[in-house]
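Have a look at the structure below before the remarks.
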Amino acid sequence: MADVTATGGTITYREAVAEGIAREMRRDPTVVCLGEDIGAAEGVFKTTVGLFKEFGPRRVWDTPISEQAIVGAAMGAAMTGIRPVAEIMFSDFLACCWDYLANEIPKVRYMTGGQVTVPLVVRTANGGGLGFGAQHSQAVENWALAVPGLKVVAPSTPADVIGLMAASIRSDDPVVFFEHKGLFASKGPAAPEGHVVPLGAAAVVRPGADVTLVALASTVPVALRAAETVAAEGIDAEVVDLRCLVPLDMHTVLDSVGRTSRLVIVEENPYQGGWGATVASIVADEGFESLDAPVRRVAAACVPLPFADSLEQVVLPTADKVAAEVRRLAAY
Amino acid sequence: MTAPADQLTGAATELLGWYEQMAVIRGTEKAAQDLFLAGLVKGTTHLAAGQEAVAVGVSAALRADDYVFATYRGHHHAIARGASPEACLAELMSRATGLCKAKGGSMHLTKADAGMLGSYAIVGSHLPMAVGAAWSATLRGTDQVAVAFFGDGATNIGAFHEALNLAAVWRLPVVFVCENNLYMEYTPIASVTAVPNPAADRAPAYRLPAELIDGNDVVVVRDAAARAVDRARTGGGPTVVEARTYRHFGHSRTDPGTYRPAEEVREWLARDPLAVARDRLSRLGVPDDVVSTVDGRVAELVAAAVSAAKAAPPADPAEALTDVWADGGAQWRT
Amino acid sequence: MTAPADQLTGAATELLGWYEQMAVIRGTEKAAQDLFLAGLVKGTTHLAAGQEAVAVGVSAALRADDYVFATYRGHHHAIARGASPEACLAELMSRATGLCKAKGGSMHLTKADAGMLGSYAIVGSHLPMAVGAAWSATLRGTDQVAVAFFGDGATNIGAFHEALNLAAVWRLPVVFVCENNLYMEYTPIASVTAVPNPAADRAPAYRLPAELIDGNDVVVVRDAAARAVDRARTGGGPTVVEARTYRHFGHSRTDPGTYRPAEEVREWLARDPLAVARDRLSRLGVPDDVVSTVDGRVAELVAAAVSAAKAAPPADPAEALTDVWADGGAQWRT
Amino acid sequence: MADVTATGGTITYREAVAEGIAREMRRDPTVVCLGEDIGAAEGVFKTTVGLFKEFGPRRVWDTPISEQAIVGAAMGAAMTGIRPVAEIMFSDFLACCWDYLANEIPKVRYMTGGQVTVPLVVRTANGGGLGFGAQHSQAVENWALAVPGLKVVAPSTPADVIGLMAASIRSDDPVVFFEHKGLFASKGPAAPEGHVVPLGAAAVVRPGADVTLVALASTVPVALRAAETVAAEGIDAEVVDLRCLVPLDMHTVLDSVGRTSRLVIVEENPYQGGWGATVASIVADEGFESLDAPVRRVAAACVPLPFADSLEQVVLPTADKVAAEVRRLAAY
């Protein structure tokens, strides 16, 4: 985050969402929001606070519980001169409009031979750790990664929320923007006006020499905590915040592994089909000669997310689990 | 005109039973709220206080082997079908004795052995499931009936449409019960729905009969449900029942419900299903002290449930890695 | 009563124009079929022969800047909106000059610069898109109208329901045109739909006006479409138009259509939209030789289109890796 | 396929689908089929030929175009004593009912604490290479792999279709059964009565010493052709047919790589988020010490599937592309 110039104040990740959207709405009158309870109610996660008041009902639209209509309408609008920002309340509900995310939005440009563009953002509250149970807790960036034609963004800090929101809304390509529920309350330096973080640029959030930790969204603080833990034991871990899965900044990852020769990937999604598998497979191919140890992935267990928080901790990646893997690799 | 407890009419006795069930649900909901405020309930809860008459009235029209599918706002349906307040509260409090071993939580209360086949937290998703359970009954040659409870907001999602059409075409024994509490989360249903009665007004689109009823009067609900269940059981196909009701609390635990006009809240609180039932009981000649005795018994039962749930052991961490597969395990690879 | 070509009434001239468009579509569909039999068209095609009046009649009611969304059975809509037969056939034959550079194929014909914003092959998926385009028009303060064409089978999928409700609630300038050709793929629509008129009978569920019309009479279609488009353009909101029609070929290229009763096929072939239009032309006093001249011109145009498409270069393999992103490329990682 | 005793005859993959279902319907009266055009019309791919005639409308149900209702009803039926076999015509359309596949069916057993089971099969025609365009050609086994709680089956031969269909329908767990469109016309030995291939047992379909090729469904013949090609050049490739992604038989893969020290994974899905990434990541971890060369994945290019067959060949894995990678690894 070297490019973030703090304005002196701090802001929560939650506030940063609304702030990021508001800045773009001020800049560009074609940016319009739609979603369930986002207007006068200001969003069930309070991530659209102030928008309805500032921009009114012609720019901020409450919808029925109709995920297909929300995202389908966003697509039709995006094809005809609007830049819609559609909210899907919980990322689990992307499954209810998956046809649009998997088959329509990402393919229409290609299958029309480039006749149309679809500049839209689908924002969604993602991830677990809050006791919301199996159907309101999933981290599903990996679902989106499996679909060519979607840009996939998942910020870990308030400033990145603002900077990546700007880049996402300005992007002429469709973006799925994952806001992590577990990070909403977290605070960080505010971003200056005009702050834009380009899509596809990972950040080395902690430099280190011994092991590379690759993380995304909620797992960035987990990886950083693990790095602090092992630092006390003399292991110097580098932490890479991917920020985006598409475009995927493998340059930064391969460069880091080239220096550390060891890789641990920290993912919130289940191990099977997780995004880290794609990163690992690229490193096991293109970075093979750098590797001095097995590539490890600390992901969620391959079960639905349980309700009880004590059980959730068994399933999800934790700093302890990451630290244990780092130690194993360092000792390899 | 009142009568001693042991001389009540059949109708009065029956209604008193429903009143007691509603009171148990109300007591459990209040307990859940208190436990949440005390920090003992994590995650989220969606209380059904105010909507008890729908659950109890419909359940009264069902047989033990019928099927029920509910939503994340499903405490009342679970209890009405026989889940104990203790097991429900234990689930909310992440105890090993929870109804779902603390793996489901408030949004997924399930009591399969009582035909209560789950609470689903993706709006509308369970309507096709209920259709499938009804289909299964006809395939197996039983005369079981399936009921789907859902909110007004659920009528705008695609699964609603697909479920009603399939049920109608296959003429299945399913009853669609919409609990129209006037709001989706914080948005008035009228502002996002093309018709005034979101379920009942759509029934003709599937050539289905519909009833629009007072969902706060357990007797009205029971009677409408009995008609619909009877139609289903005797091969008459599905019915849509839209029960107008109101939730006493906000949408979920974090919602103070300030978007609702005070006047509207006041009116509906005055029509509390428990008050409506007490009124009916008194008109049936049931003495106040009989009702008070019931209230006392319920209070004790709920208090005991709270104590027992509190005293229960926490969820077993090993349970996190069981129950994915039918063999009980979670192994996905060799 | 017949008149020389240069003395036709306005109505006759207009109708002759629509007749010519329908004939062009018919000729192109026949050519597509022949090219498929000759092994020059790969994949699948869904011919619209028999349904031309819907496309031409609705298009006649639209402005150049209006939007159209169609299905995998969309050759007629593409051509009615101005795609050339040559570009369409070239697309089907995987030529570099294809309407979508041979990356779309028969199911995805698109002519965005004529407001024909695509053909979608997941049933029902484009209805919300059309709603979105109509919403966009209101947001941008234009008076453009969006039209979604879809089949009878599409009325049973969730996206239909969500789209109609949202369009109604937001009172958007969109017209939903159902081409009811009586069948989904091989299954009669009546056997899987709860109402006899799958689109029109559902309109009241969204408080929308509906018209059930003869989809084989281009004049009837144009008039109904004009009413609906006018309502949309002037702030009156969406309309459902259900046009009864029939496809002359099977569902797709591999389907001989044997599930359709011979008597039914005969009746509908007799009501071929071209025949209906010829009949009307003759009643308007248009001489046969004028119609024949049109037929001849069309035959030449189609023949030329076939030759040109055949002569065009094959798709450029490099195109496989372009057009994913707005920058023209397909790079997803560094 | 050592366990397949040929009955002397041959059968197409397409016929094997109907045969596999019919055998189970004869055996178990609770097995019931539903889907679009599967009854009198016998399926748009002719994969349900004979079922309606033999079992009638009480066992073979035509549905409206309502993918959510199809799969949701199958779920409700499975929970109450029926073993439904639901057809989703093209696997792309799984996106239209993804909520059921991702959030409902695989989670309900877990989130009810084991109170219910969901013994159902969702069968679907999968894969490209036939010029069906971007929305009717995808290979999406990887979507299902990303969801804990689904068994994922994708046979490559007619006998396996029958044997795996038997195991899938008998399974008390939900199974997504991918039938590859490109294989429908292929022929193979018929399977004897009672033939059951257990879920989760990969097959070494070509033994070899130099390189391991891991393949699934359509890529099995591709890998076999590539193996023949390089055999002529003196490279001895082993080909493993995974048959299932869940349960995933890593034992067989790791054993093979332990012998060959080289791995090429051949996937039809796009590289990003493909199933091969999960296999690669496990080998890069647990098989790290066996590896003498980078792990390579030959997957589809990260674009939607184009219509023209010449373009499809650019995007999809082919025997030539696989052979080229095998050569590179052998020379490494």
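A, B, C and D are the chain letters, set down in written order, and residue numbers restart from 1 in every chain.
Note that in this section a residue touches a chain if its C-beta (ideal position, glycine included) is under 8 Å from a C-beta of that chain, and two chains touch if they have at least 3 such contacts.
Owing to the predicted nature of the structure, the values given are computational and were not obtained by experimental measurement.
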Chain centres computed over CA atoms; the one at greatest distance from chain B is chain C
Note: of the two pairs B-D and C-D, more contacts are counted for B-D
Here the gap between chain B and chain D, centre to centre from mean Cα coordinates and rounded to Å, is 40
Rounded to the nearest Å, the gap separating the Cα centres of chain A and chain D is 30
CA centroids of chain C and chain D: separation to the nearest Å works out as 36
Dist(centroid_CA(chain B), centroid_CA(chain C)) in Å evaluates to 47
Residues in chain A with touches to at least two other chains are numbered 63-64, 66-68, 92-93, 95-96, 99, 103, 106, 110-111, 133-135, 148-149, 246, 248, 272, 301-304, 306-307
Multi-chain contacts in chain C, i.e. residues touching at least two other chains, fall at 98, 100, 102-105, 108, 120, 122, 156-159, 162, 165, 169, 191-193, 319, 324, 330, 332-333
Chain C residues touching chain D in their complex are 42-44, 91, 94, 98, 100, 102-108, 120-124, 153-154, 156-158, 184-187, 191-193, 259, 314-315, 317, 319-321, 324, 330, 332-333
Chain B residues touching chain D in their complex are 67, 69, 98-105, 108, 110-113, 117-118, 120, 122, 125-137, 139-140, 146, 158-159, 162-163, 165-166, 169-170, 319, 322-328, 330-334
Residue positions on chain C within touch of chain B in the complex are 156-162, 164-165, 168-169, 191-195, 201-202, 204-208
Contacts from chain A onto chain B in the complex sit at residues 36-37, 39-41, 44, 62-68, 92-93, 95-96, 130-136, 272, 301-304, 306-315
Contacts from chain D onto chain A in the complex sit at residues 92-93, 95-96, 98-99, 101-103, 106-107, 110-111, 133-135, 142-143, 145-149, 246, 248, 269-278, 280-281, 283-286, 288-289, 291, 293-297, 302-304, 306-307
